[in-house]
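Note that chain A is present in both complexes that follow, paired respectively with chain B and with chain C.
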Partner chain A sequence: MRSIWAVAINTIRQALRMKIAAAFVILLLILLPVMGVSMTGDGTLKGRLQTFVSYGLSLTSILLCLLTIIVSVYSITSDLKQRQIYTVITKPIRRYQLLVGKLLGVILLNVMLLVLFSAIIYSITVFMPRFYNPTETERAVVKNEFYTARASITPPELDVSKEVKEVYHRLKDANQLPEDMSYSEIISQLTSVRKLKRRAVSPGYMLPLVFTDVKPLDPNDSLFIKFKYDVAVTPPDSQIIGRWIVGDYQYIRYGEKIDTPIYDEVHKYSIRTTHEIEVPASVVPANGRLCVAFVNHPLNNTVVIFPLEDGLEVLYKADTFSGNFIRAVLLILFRLIFLACLGILGSSFLSFPVAILFCLVIFFTATFSNFVIESFNFLGQNLSGVYSYTIKPVIQLLPQFDKFNPTKFLVPAQFISWILVAKAAVIMVFIKSLLLLLIALLIFSFKEIAKIII
Partner chain B sequence: MEHAIETISLTKVFSDWWGRDKVIAVDNLNLQIRYNEIFGLLGPNGSGKTTTLKLLLGLLHPTKGKSIVLGGDGADPKVNAKIGFLPEESYLYRYLTARETLDFYGRLFDLPAKVRKMRIESLLDMVGLKAVANRPVGTFSKGMARRIGLAQALINDPDLLILDEPTTGLDPIGTRQIKDLILKLAERGKTILLCSHLLADVEDVCDRIAILYGGKIQAEGKVKDLLLQTDKKQFTTNALSDTVVEKIKQVLQAENAQYEVTSPMEKLESFFIKTVVTAQEQAQPTSGAVSTTHIGDFLTSTASKDSILDKLVSAKVSKETPADATKTKYVVPTQISGSKPDKELLSRLTESTEPTPPKPVTQNEKVKTEPVQPKTSEKEHIKKSILDQLTRRSVEQDEHREQSERNKSNTGDASDA
Partner chain C sequence: MRLHDAIVLFVCIVLAVVLLTIAGMRLDYINSQRAEMKLIINEPLENAPPSLAFATVAMGAFRGLVVDALWIRADNLKEQGQFFDARQLAEWITILQPRFAAVWEFQAWNMAYNISVAIPATQPDQRWRWVKNGYELLRDQGISLNPKSIELYRELARIFQHKIGGVTDDAHKYYKVQLALTMEPLLGPADNEYFEALTKTPTKWQQIIENKDVAELIAALRAAEDVFTDADAGKFVDNYLALRQNPKRFKPSAIETIDKFRGTPALEKFDIFAKAYYLRNTLKLDPVLMQQLNKTYGPIDFSDPNKHLPLDWRHPDSHAIYWGVKGLKEVAKEENREISIVETNTDRIVVHSLQNLFRYGKIFLYDVPIVTSEDSSEQAEQRVEKTIYLRPDLRMFQPYNEAMLAVLEKHKRPDDEGSYKSLQDGHRNMLKNAIFLFYQTGHISEAQKIYSQLRKLYPLEEFKVPLAVFARNRFREELEGLGIFDAQEQIVALLRESYFRYALRDDDAASGSEKLAQEVWERYQQEYPDEYRVDLAKLPVLRYLALLDFLNDEQYPPNLRLNLLGRIKIERPELYREFEQYVEQLRKKAEMAE
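After this line comes the complex of A and B, so read on.
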C-alpha cells in the first residue's frame, strides 16, 4: 500500500513539475473569470447565470478530461520510454501496484483541480447577482428558477394493458381490426389512445392526477405545476379557463377532513404553450401523495387534454443549489475517473501519441454517445446478426457522458438525485472503468518491459 | 542454494515486428554466481551483458531456459527486496530532487520513515551530493546522476547488487569509490554482479569473471588464474644505487634471463585523486559532486556475517602509528575508518615476502613500512581497502604485483566467508 502511495505522489509531482497541468490550470484561471464577466446570455440575470454555469462547467470538464488523458498516458509511456521503469519495477512493487499507484495519482490530481475550479465557478455564480443590481422580479426569478434544485415529478404511468387487451379482443371478435397493421402496432396505438383518454377532461368535469413521493425541502417554499394543454376545439381567444385544486388526495376525492391547506384558484392560460403555476409547498401532505386536480370550466365548451410527454408535471425545490452543484461536480469526477482508466489502458499497450489518439477518439464518441448508439442501432437493424454480437457490446461500453452531463441539469435547475449519481458511479466507475483497469493490469502484467522490436 | 544467481541455458532472441527471429542476444547461457562473490560480466558492446541482466530481473522474458536469483524469480517482489540494481544509465525522474528520488525509492521498499531518512542522509553523504540534495536530478551532470543511481541501488542494503557499467560517466574519484565500495560490500557478505567493458574496473575488484561474446561465454574463471603469467617474474623495490642495479644485471645475465629496468610511472588515477584531494583540502568551491570516501554507515554496520572482522579491524585502530596517518593523508581522508592503514601495511608486507628487487617511487613509504612489520601475523584477516589499493598503486605500476596481492585478498575473503 505504501508503495502505491509513493507512486501516486510521484505521479502528481510529475504532472505538476513537468508543467503539463500548469498550462491547463493557467488557462482555466484566466478563462473562468473572463467568462463570468463577458457571458451575457439573453441579457437577463438568469440568462447570464445559466450561460456562465453551462460554459464554465463544460470548459472545466473538457480541459480536465484532456488533462486526465494526457497525464495518465504520459505518466506511463514516459516511464517506459525513458526507462525509469527499470529502476522502479525491480523494486519490490508488483506491476499492478505501479498502475494502481499511477491511477490513484491521476485521480487525486483531478480531485484537487476539480475542487479548485468548481469552487471558482461556484463563487462566481453565487456572487454574480451582486454586480448587476437586479430588480426584485429578476431576483425572484433566479431564486426560483436557478439557485435551486427542482425535482420534477410526472404522474405515475397508468397500466392500461388490461383495458387495451379487452378492446383488442372486442375488435377482433367484431372483425374490425385494421388489415394493414401488425399486432404490436395495433396494441401500441390502442395503448396511447387509452392513456390519452385518462388525461382528457370534458367541460364541467374534474381530472385528478396523483403524484407520489413529493418531498419538498422546505414547506414554506413554493412548488410549481408545469403544464401545457391541448384542446379538441380551439376556443376563439385560444385560451382555456380552469380551476386548479392542489392538495391532499383524500380531501379532493372524498372530502375527508385534513390538516394541510388546499390550493384552489382559477387561471386562464393560452393553449399549447408551457406555463407554471406557483403553489405553496405547504399543501403537500405528510405522506407525499399530492393530488393536482384540473376542473374544465363549462364555458370552455371543449375537451382539454394534457399531452402524455410534457402535459403535466410538478416541480418542487428538492435541494439547495449548492447540493446540486456538488452532485454535478461528482458527475464530472466520474467521467475523469473513467478517462484515467482509459488512459492507463491505452498506455499499457500503445505508445504515447497513439494512446492519446485512442483515448481522444473514445472521449469524443462518448460525448456524443447518444447519437452514436442511436445511429448504430438504426444501421444495425439491417445487419442484426453480425452487429449485435460485435459492435453493439463495444458501443454499449461507451460511458455515455452526455447522459450524465451535469450542465443539462444545472441550467434548468433540475434536481440531480443521489440515485442518478449512484447510477453514474456504478455504471461509469464500478463497471466500465474497473473493466478497463482490469484489462490494463492484465496486459501490463505480462508485458515485456524492456522489449526491443527490431 | 549454493548460487546467488544461476541461469540454465538462458536464451533470448529478439524478433522483428513480424515475429521473425533476428538477433540472438543471449545464447544458452549457463552462469553460476556464488554467494559473496564479486562476479564480472565482460564483453564488447552488444555482447549480451545488459540483456542478461534484464533477463535476470524479469525486465525481459527469456525465449528459452530460466534464471534463478537468490533462490527465486528475479521479478518476484520478495526477491527484489534483496536486490540493488543500477541500470546502464541512471534512469531517474528529472523533476525530483536528489533527496526526493531516494525517498521515492525508499518508499518502494516500504522502509520505515526513520530508517529511510537515516539511509538517505547517509547515502547522500557517501556519494557526495549532500550539498546539492535539493536540486532537481535533471540539472545533474551524468556523473552526478550516476551517483544518485548508485545511491538508489543501495538504499535497501541489498544482499545482491547488480551493477551495469557502474563507472560510466564518473570521475576517477567516483570510480575509485565505487570500486572500494564494491570490495567493502563483498567483505560484508554481499554478492555483486558487475557488468562492464571497462577492463580496469573489473580487474580491480572481481573475484571471478566471464567474458561474453555473441551471447555466449567465451572464457570464465578466477581473475588471477586467467591473468597470471607464470613464465614471467617481476620485482619492485625502492630506489637502488646504480652499482646494485649493475650487480643484479650481472646475476640475471648469468641466468641468461631477459630483463628490463625502469622506474614505474605513477598511475594517472592516483595522481588525479591526489590533486583533487589537495584542492578539497584548500576548500575550493565546486558546484558539482563533492568527492567523499565515506561508505554509508548502514552498509557497513548492518552486515553480520563477519563481525569478527569488524572487531579485529577496529581493534587495530589503536595500533596505528600517527606517523602513518600523516604520511598517507593525501591519499584518502580519515573517514575510511581506522582499519585501512593497517591493511595497507599488511598487504605491503605480504608483497615483500616475494623475492623482489627494490624499485621504489616514494622512498619514505618503505621506511614507514618496516617498523610495523611484526603485524604480518594478522594478514589473513585483512583484505581490500581503500587506502591499501590507493597507496599501493601510487607506488607500483606493475599489474602482476597487484594481482598477486589480490590473490591474497581473495584467500582472506574465503576464510572470512
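After this line comes the complex of A and C, so read on.
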C-alpha cells in the first residue's frame, strides 16, 4: 500500500508540473467567473442560472476529462519513453502496484480539481441573485424551478401484450400482415400503436392517469405536472385547450368524499413543446396515490396524444439543490475515473499520441453515443443494417456519458437519486472501469518494458 | 525495407492518389452548388466588427463541426421545452454562419413563432419578448450583414404582418399595443410636414451640436442630470426621449431645463433630431424611406384625392410594408434578374399589408383602468392599461389598388401565369369587398368608380348589372341560408357593433352598421309571411336589446360603455327616448307580473 501511495503522490506532483494542467486550471479559474457575469440566457434570472450551470459544468467536465486523459496517458508513456520507469520497476514494486498508483494519483488530482471548480460554480450559482436585483416573481420562479431537486414520476408502464397478440393473430388470419416486416418488427409496431392509443384522448373525453408513491417533502409546497401534447390534426393556432384535474383518485374516478383539495383548471398550451403546470402539493392524498386527469376540450376538434417517452410526468420536490449538486459532481467524477482507467489502458500498449487519439475517440463517441445511435435509424436500410451489427454494439458497450449528463438534471431541477448515482457507479466504475483496469494490468504485466514502440 | 512493407506502402500511395483525384474531380460541382446556394464565404464580410470577422475565420475547418454541435444543442433543448439558451445559441450560430441567410431566417422564425407560443398566453409580456427577439435578430443583425438577401426582408415583413398584425396568436392585441406605444412618442403630429422635418434634420450627432443653441441645450441637460453627463450620442438621445415621455423619473432640474427651453427653436430642432436619430439607429427605420412610403402608400385625403396622408406607423402592417419595400428595392438594383418566388411573395406581403390597412388600419388606443389591490378595505390602487381596437380605413383603398395594379403589371409574364392568376383572383375579390363596404357606408360615388374599374378589368357576367343590383345581390349572398332567428341575431350584432363604433367616435362606420341592420330587418319584413313576422321583433326593440347587450358586454371597458350612454342622450335624443319608452314599458310589465 505504501508503494501505491508513493506512486500516487509522485503522479500528482508530475501532473501539477505539467504546463497543460496549469493552463487548464488557469483557464477555468478565469472563465467561470466571466461566464457568471456575461451569460444572460433569455434575460430572466432563471435563464441566467440555467445557462451558467449548463455551460459552467459542461466546460469544467470537458476540460477535466481532457486533462485526465492527457495526465493518465502521459504519466506512463513519458516514463517509458524517457526510461525513468527502469528506476521504478527495479525497485520492490509490483507492476500492478505501479499502475494502480498512477491511477490513484490521477483520481486524487481529479477529486481536488473537481472540488475546487464545483465549489466556484456552486458559489456563483447561489450568490448570483444578489447581483441582479430580480423581482419577487423571478425569485419565486427560481425557488420553485431551479433551486430545488424535483423527483419525476411517470405513469405506470402499459401492458398491452395480450391485445397486441390478439391483433396479430387477427391480421394473420386475414392475411393482412405486411410482408416486408419480421415478426418482432410487427409486434413492436403494434405495441407502440396500442400504447399510444391508451394515451390518446378524443374531444370531450377524459384521460385519468394514476401515479403511485408520490411523497412531496412539504405539503405547503408545489408540485408540477410536466407534459407535452401531440395531436392528430394540428389546430390553426397550434394550441390545445385542456382541463386538468389533479387530486385523489377516489374523487376523480368515483366522486367519493375526500379530505384533500382538488386542483381543477383550464389551460391553453402549444403542441409539441414541453410545459409545466404548478399544482399545490396539498392535493396529494396520504396514500400517495395521485390521479392526474386531462379533459380534451370539445373546441379542440382533434385527438390529443401524450407521447410515451416524455408525454406526462409529475415532478415534486424531493431534495435540495445542494444535495442534487453534490450528486451531479459525483457523476462527473465517475466519468473521470472511467477516462483515467481508459488512459492507463491506452498507455499500457500504445505510444503517447496514439493513446491520446484512442482515448479521445472513445471519449467523444461516449459523449455523443445517443445521437450516433439514433442517427443510424435515418440511414438507408442496408447501411443501417451494417452499422447496427458492427458499430452499434461497440458503442453500446461504452459508457453513455450523455445518459448520465449532470447538466441534464440540474438545469430543469430534476432530482438525481442515490439509486441513479449507484447505477452510474456500478456501470461506469465497478464494471467498465474495472474491466479496463484489469486488461491494462494484464497487458502491462506481460509487456516488454525495454521494447521500443513506434 | 522489407518486401511486405514496400507493397503496403505502394498500395497506400496508389489509394491516396486515386481518392484525391476523385475528390478533385468532384470539387467543381461542389463549388458550383455552393455558389448556387449562396454558401460561399470567400468574400470578406463587409463592415463586420472585428470579433465577428475573427470568429468566422479563426475556427478554420472546425467551424462546421461547432455549428453542427450548436444546431444539435438548440434542437435538443427545443424538444425538451428548454428555451433559456435559445437566444444565445441563435446568436452564436448566426455569428459562425453570418452569410447564410437561411440561418437568420430560421432562428428569427423559431424565436418569434415557436418559442413565443410555448409560453402561456397568460404571460403576454414574456411572449412579446420572444417575438421582439425574433424580429430584432433580423432587423439589427441579419439584414445588416446580408443586405442583399430578400429572404430576410420578407421574413421580417411577415413577422410584422402575420405575427403582430394577425389574430392567430392569443396575445396579438398585446403585441399591437406594445408596437403602438413604442412608435407613438416618435410620430409627433404625424402629418406630412412632420415627416418632411424628420428627413431634413441632421443625421449625425456632430452635425446637430454645431448649432450653438442646441449645444447650449445639450450642455444644460448634461449639467442638470447625471444620466446625461457622460452619455454618448445614443444614450443621450434615449434618455432625452425618456425624459420627454416620463419626466417624473428624472430630477426636477432636468424638467426645469426642458421648461426653460420650451417653445425655443433649439428644443424643437433637437426634438426632431432625437426622434429621427432613434428611428434610424434603434428601430432601423429611415425617415427618408418612410416619407417615400407615405407619399406612395399613405391613405388619401378624401377632400383632395391627389394628396396622400402619412401611414399610421403605429400599425404593424406599415412596418411590414416598409421592410417588404426595402427588400424589393435591393433586388431591383439587379435589372436583368429573373423574378424569384421570394420576390413574388414579398410583393404579396406588401399588397396584403395594404389590404389589411384598408380592412382594419384605423387604430383606437383606449385607456382601461385596472384595480390592482385585492383587499377592498384598502384604498384600491388603480393603474391604467391600454387596449386596442382596429377598424376599417376606407382611405387606404386607392393606395392598395394602385399598388396591386403595379404588381399585376410586373407579374404579367407568360412564364408566370400561376402567380399572375392568383394575384388577379385576390384583386378581384378585394374590389368586390371594397365596393360593398363603400356602398354600405354611404360612399356611393366611390363605390361606383370602383365598380366601373372592376367591370373593365374583369368582364364577367356577374358584373354586368347596375351597382345597386350588385350590392343587393352581394347582400343577399351574405344573408343566404339564414333563418329568421339568425336574422334577429345578426341584426342585434350589427346594431351592437354600431353602438361600439359610436362609442369610439367612428361615426361613419357606426352609421354603416346601423344602416345594414335596418336593411336586414326590412328584407325579412318583405320576404316572410305574417306568422313568422311575429317572431322578429320591431326594430326599436332590437335596438334596445343590442344596447343592453353592449352595456352588459364585459369585453368593453366600463367607462367606454358609460360614455356611450352619455353621448346617446345628448346626440341621439330620439334613440334615447325610444330606449326610455321601452324601459318604462318593461318596468311596468315586470311590476304587473309581480
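Throughout what follows, the second predicted complex is superposed on the first by the 300 of 454 C-alpha atoms of A that agree within 3 Å, B and C clash if a C-alpha of one lies under 4 Å from a C-alpha of the other, contacts with A are read in each partner's own complex, and residues count from 1 in each chain.
Keep in mind that, in the parts below, contacts are C-beta pairs under 8 Å (C-beta built on N, C-alpha and C of every residue); 3 or more make two chains touch, one makes a residue touch a chain.
Small disclaimer: the values here were computed from a predicted structure and weren't measured.
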item	value
Touching partner for A:G41 - first (chain B), second (chain C), both, neither	second
Chain B versus chain C as contact partner of A:I419, first or second or both or neither	neither
Which superposed partner A:V233 touches (first chain B, second chain C, both, neither)	neither
Which superposed partner A:A174 touches (first chain B, second chain C, both, neither)	neither
Partner chain in contact with A:S54 - chain B first, chain C second, else both or neither	second
Contacts of A:R13 with chain B and chain C, given as first, second, both or neither	first
First (chain B), second (chain C), both or neither touched by A:S3	first
Intersection of the chain A residues that touch chain B with those that touch chain C	none
Contact set on chain A toward chain C in their complex	39-44, 46-47, 50-51, 54, 228, 236-239, 267-270, 273-275, 310, 371, 411-412
Residue numbers on chain C that touch chain A, as the complex places them	72, 78-88, 114, 117-118, 120-121, 129, 168-170
Chain A - residues contacting chain B, complex	2-3, 5-7, 9-10, 13-14, 17-18, 82-94, 448-454
Residues of chain B that touch chain A when the two form their complex	14-17, 22-23, 54, 57-61, 77-78, 80-81, 83, 85, 87, 89-93, 95-96, 100, 104-105, 107-110, 136, 149, 152, 156
